[in-house]
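Each of the next two complexes has subunit A plus one more chain, namely subunit B in the first and subunit C in the second.
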Partner chain A sequence: MDKTNILLDKKRTEIIPDSFIGRNARNRLFLGVVIFFSVLTISMVFLIIGTMLFKGYHQINWAFFSQTPPNTFEAMMAKSSGNIIPGGIVNGILGSLYLVVIASLIAIPLGLLIGIYLYENSSKKYAGVIRDITDILQGVPSIVIGLIVYLWVVVNVTKGYSVLAGSVALALMMLPLIIRSTEESLKMIPDTLKEAAIALGTPYYKVILRVLIPTSFTGLMTGILLAISRILGETAPLMLTTLGNPAINWNITKPVGAVPLLIWQFYNDPNMVDLIWSSSLFLMGFVLILNLLSKWIGARRRI
Partner chain B sequence: MNSDKILKNILFIASLLILLISGAMVFSLVRGSMTSIHEFGWKFLFSSEWNPTKGEEEYGALLFIAGTLFTSVLALVIALPLAFSTSLFVAEYFRNTRMASIVSTLVDLLAGIPSIIYGLWGFYILRPFIVSIGLTPQGYGIFTSGLILAIMIVPYATSLSNTTIMMVSNELKEAAYSLGATRLEVIWNVILPNARSGITASYVLAFGRALGETLAVTMLIGNANIIPTGLFSTGNTMASVIANQFGEASGLQLSALIEIGLLLFVITTIINAVGKFIIKRFA
Partner chain C sequence: MNTDPSILSIENLSIAYDKDKLAVKNVSATIKKNAITAIMGPSGCGKTTLLRAINRMHELYPNISTEGKIKLYDENIYDMSTIKLRRKVGMVFQRPNPFPTLSIYENVIAGYKLNGINLKRSERDEIVETSLKNVALWEEVKNSLHKKGNFLSGGQQQRLCIARTLAFKPDVILLDEPTSALDPIATAKIEDLLVDLKQNYTIVLVTHNMTQAARISDNSMYMYLGELIEYDETTQIFTNPKHTSTQNYITGRFG
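After this line comes the complex of A and B, so read on.
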């Protein structure tokens, strides 16, 4: 009895090979490495947002949202007497909104139409080509979009930097995002829903307006909000198309300010440096809220 | 004509517009760079002379191409462990847990932060840090830009990797576990070989992103018109030189800048096409 027990025990230890200890250690070590690098990655979000909050919060006041930026001299005087810099970025806030609204007016209808086309003709070879071109368009660097729109609109249409040029540049960046998100969210609609409407003899435009768009509405909204949040912070294409404007402007053929452009301008002016952080804080807050909002809407969708 | 037909035509015309737009983009870039192409020909690609002084103007793109490739490759190398770990965290180790959804939301937020804010953060926080640990005297250069770019492209590298890692079938993994494999062995021998094409494609696409990033790099690379000599050397990139010199450029210089834009367009399009090809081929 005893003998067999000892034998069994011996066998047991033999079943667990020596190498297992090493394999197990490596397994655990790798998990540690994965967690370390993941934490490092997400800590960047907190580091960046934390910096903005810490350095920018004291400049955020009513004037920040209601006044135009000070000139260099005013900023220098305020700084040397230890005050916060007077003025704000209202021209940039209104300008950014203006640009985004015009860009949306161009990109959203066109994007929806092309998205619907791709959904309707998804198996055609031609649709495949359109899809590939959309993907390529999405990959074009923003500065190159800026160059192209400079050649199109600034040189030929408005004969100078303008709201229109900036909006066209932003619209070109929104377009591929909206096309793909439209197609993806339409694909999720059960075919039976569409077939039921068609079986009732509904004209196709009504099927689109009354069935396809309402049922995929949350998906479409997610795509649109995400596209807007992507273009809101774009700076490089605006430098080549709208240039910036120290005053508020509503003329579509004239230059306009935008928050990211103002940040760039403050960055290049040593006296204005304090305004960088509050402007960045505002811009990032806005972008991140849109981002989270679109995620939240997306998560709530039912179909 | 009934309403269905009209609608079909409207949709078709809309789809033609995207062809028209992309065609016009290429056309305008080529036409805009004609002056420069006539003046320098192929030499433009192989010369690293960049002299905007009137009268003795001389332009070549080599140093910018070198700077762009150098920073982007470095960014990809740095982003690789970050992105790969995050993907495994979200799609394998902590899959479908609350932790995973928090981490993936945070990584998505990284994609939402505007380029200029990365630039500012790099300039005011990262650069002084690099100076203080004594890597470079000024803190500008390839290394600093590469670091910031790496953080910027992590979300692009993870999004597609996550999906492909999640798509590896459970049967395969369970078979490996039942043979006594550890989790690490399952990752290396089952998940990686099965998700390889998706992961590769996502890194290729992330690399394409890095090539075109403008302002964050412009603020950190030092904007020195030299071919980078090492990791800590300064340099310049294609996107940066356009952003920096566009405002004052005219005539031949403008045309040369547009030609650089055309080159950047061609390079990013090729990289993106390669990425798409990998996805299509192995999907």
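After this line comes the complex of A and C, so read on.
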């Protein structure tokens, strides 16, 4: 035999242990580095939440959720007499919800349909092109999306800043997230399940509607919730599309307030600084709840 | 009842995956009614493709081309609608695949639900009960019919899948290695079940397990490289095979 079995070659197996000298020490060093950076990251998150709680909690009261912001004079008066700033951000809360609902109505059906298309035709050239374009869309800076929607909707459709324009901008940002999460969660369904339905003579559209979508429901919901929490904090595109509104507005062709826009306004007014923190706390809490909700739904994934 | 003992006749069936890669080569055979027909052969011999061709599930693969005919009674299945065909020719797969979002009850009548066929409540109840009794699962699940089926064992899930197929009142049941993912006890239960079921149904079974074919089938096909080498009564095939290739396979020399 001229070719020896490498696993049975005594010489070689005796060599191996020598190269592992100091292995435990290196292991421990590596573990230490990993732990150090994990703790660093986690502490950042807690620092952010802690700062916001500390600076923002005293502004959180019923008025905060039920009243519109004070004007700068009212805020100044309250500050100088040592009171908390009166009023709240109800216009921003309702405006943000309004924007998110309209954006979801646009992005969710479209995103689901495109995601299903990509899943069904994953090997086709055209699907690859759509996938690439989706990735590009995801990479477009949000301010650029704001500019484009300004041109399309603000200038040409609603002739002014509006809920519709803001929602279209947010929908454009949600779309790639929903498309990819739809495709990914459909891919996780075993083919055998699809076959089971087809073998029962089920027409194909019903296989999609009655089997694929219910089975991947948790995955689809997770994707949608993450997309929503992603756009809740968007500020730049909203500045160019809905502008903001100090009052509550339900007209889709008129401007509306939003929490991140209010934070920006408060930042520019030295009398309102306290409201920045409470608004941020609210926004952060809301996004956190959505994230936790999506995690909870995701954990209940069945297949 | 049709007294004709054959129910399916496969005539010069050839199936190609790519242009010239034949998975099934010019196969002709008739399958007897109320009998278990086993299809055996080494991996890649085309037995699963042949089985899937009987209810046209093979058409799901891309770039497939099919020549020849399969007649169910006297009707060519390639002229029938797939929906009608798959109601008459049901299929059970290698791995149990109950619908995870449906309850046990809904799983059994899934065929009706998914096809939009509305049944009266009493009819539904009857179909569910009879189907589950036919697969000997009724006693085990009758108190948890409206729970999801994921607490069932693999063997119970596979019997649930067979019940789902039976609920559609098919003439023929195709089984693609139905016990390969199951333990020996569950396998024995399914085998007993198949033997009981052949009184009312025609069963075609793909199996990797030769002893299984020997135990339960009436007729056996031996396929090799897409060709049907030998098709005869199971006792003939196992005791006195005509071809050396069949003999080599059965005696375990390859496969």
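FYI, the second predicted complex is superposed on the first by the 271 of 303 C-alpha atoms of A that agree within 3 Å, B and C clash if a C-alpha of one lies under 4 Å from a C-alpha of the other, contacts with A are read in each partner's own complex, and residues count from 1 in each chain.
Following the convention adopted for this analysis, a residue touches a chain if its C-beta (ideal position, glycine included) is under 8 Å from a C-beta of that chain, and two chains touch if they have at least 3 such contacts.
Computed from a predicted model, the values in this text were never measured in an experiment.
Engineer: Would you check which partner chain A:192 touches, where first means subunit B only, second means subunit C only, and both and neither mean what they say?
Structural biologist: second
Engineer: When the two structures are overlaid on chain A, which partner does A:93 contact: first (subunit B), second (subunit C), both, or neither?
Structural biologist: In the superposition, A:93 touches no partner, neither subunit B nor subunit C.
Engineer: Applying the touch criterion given at the start, work out whether A:211 contacts subunit B, subunit C, both or neither, answering first, second, both or neither.
Structural biologist: After superposing on A, A:211 lies in contact with subunit C but is clear of subunit B.
Engineer: Mind working out whether A:275 is in touch with subunit B, subunit C, both or neither, as first, second, both or neither?
Structural biologist: neither
Engineer: In the superposed arrangement, which partner chain does A:177 touch: subunit B (first), subunit C (second), both, or neither?
Structural biologist: Touch status of A:177: no partner.
Engineer: Between subunit B (first) and subunit C (second), which, if any, makes contact with A:200: first, second, both or neither?
Structural biologist: Only subunit C is touched by A:200; subunit B is not.
Engineer: With both structures fitted on chain A, tell me whether subunit B or subunit C touches more of subunit A's residues.
Structural biologist: Result: the larger residue contact count on subunit A belongs to B.
Engineer: Does the superposition put A:256 against subunit B (first), subunit C (second), both, or neither?
Structural biologist: neither
Engineer: After superposition on the shared chain, which partner residues are touched by A:152: those of subunit B (first), subunit C (second), both, or neither?
Structural biologist: first
Engineer: Can you give me the overlap between the subunit B contact set and the subunit C contact set on subunit A?
Structural biologist: 203
Engineer: Okay, in this complex, where on subunit C does subunit A touch?
Structural biologist: Residues of subunit C touching subunit A: 55, 57, 60, 62, 82-87, 90-91, 93-95, 97-101, 110-111, 113-116, 150, 161, 164-165, 168.
Engineer: Along subunit A, where are the residues that touch subunit C in the complex?
Structural biologist: Of all residues in subunit A, those touching subunit C are 123, 190, 192-193, 195-203, 206-207, 210-211, 214-215, 217, 302-303.
Engineer: Once bound in the complex, which stretches of subunit B touch subunit A?
Structural biologist: Within the complex, subunit B contacts subunit A at residues 2-4, 6-8, 10-12, 14-15, 17-19, 21-22, 24-25, 28-29, 31-32, 81-86, 88-90, 93, 103, 105-110, 112-118, 120-121, 123-125, 151, 154, 182-185, 187, 205, 208-209, 211-215, 219, 239, 242-243, 246-247, 257-258, 261, 264-265, 268-269, 271-273, 276.
Engineer: What residues on subunit A touch subunit B, complex-wise?
Structural biologist: For this pair, the touching residues of subunit A are 23-24, 26-27, 30-31, 33-38, 40-42, 44-45, 47-48, 51-52, 110, 113-114, 116-118, 120, 126-127, 129-130, 132-137, 139-144, 147-148, 150-152, 172, 175, 179, 203-205, 208, 229-230, 232-236, 239-240, 260, 263-264, 267, 276-277, 280, 283-284, 287-288, 291-292, 295.
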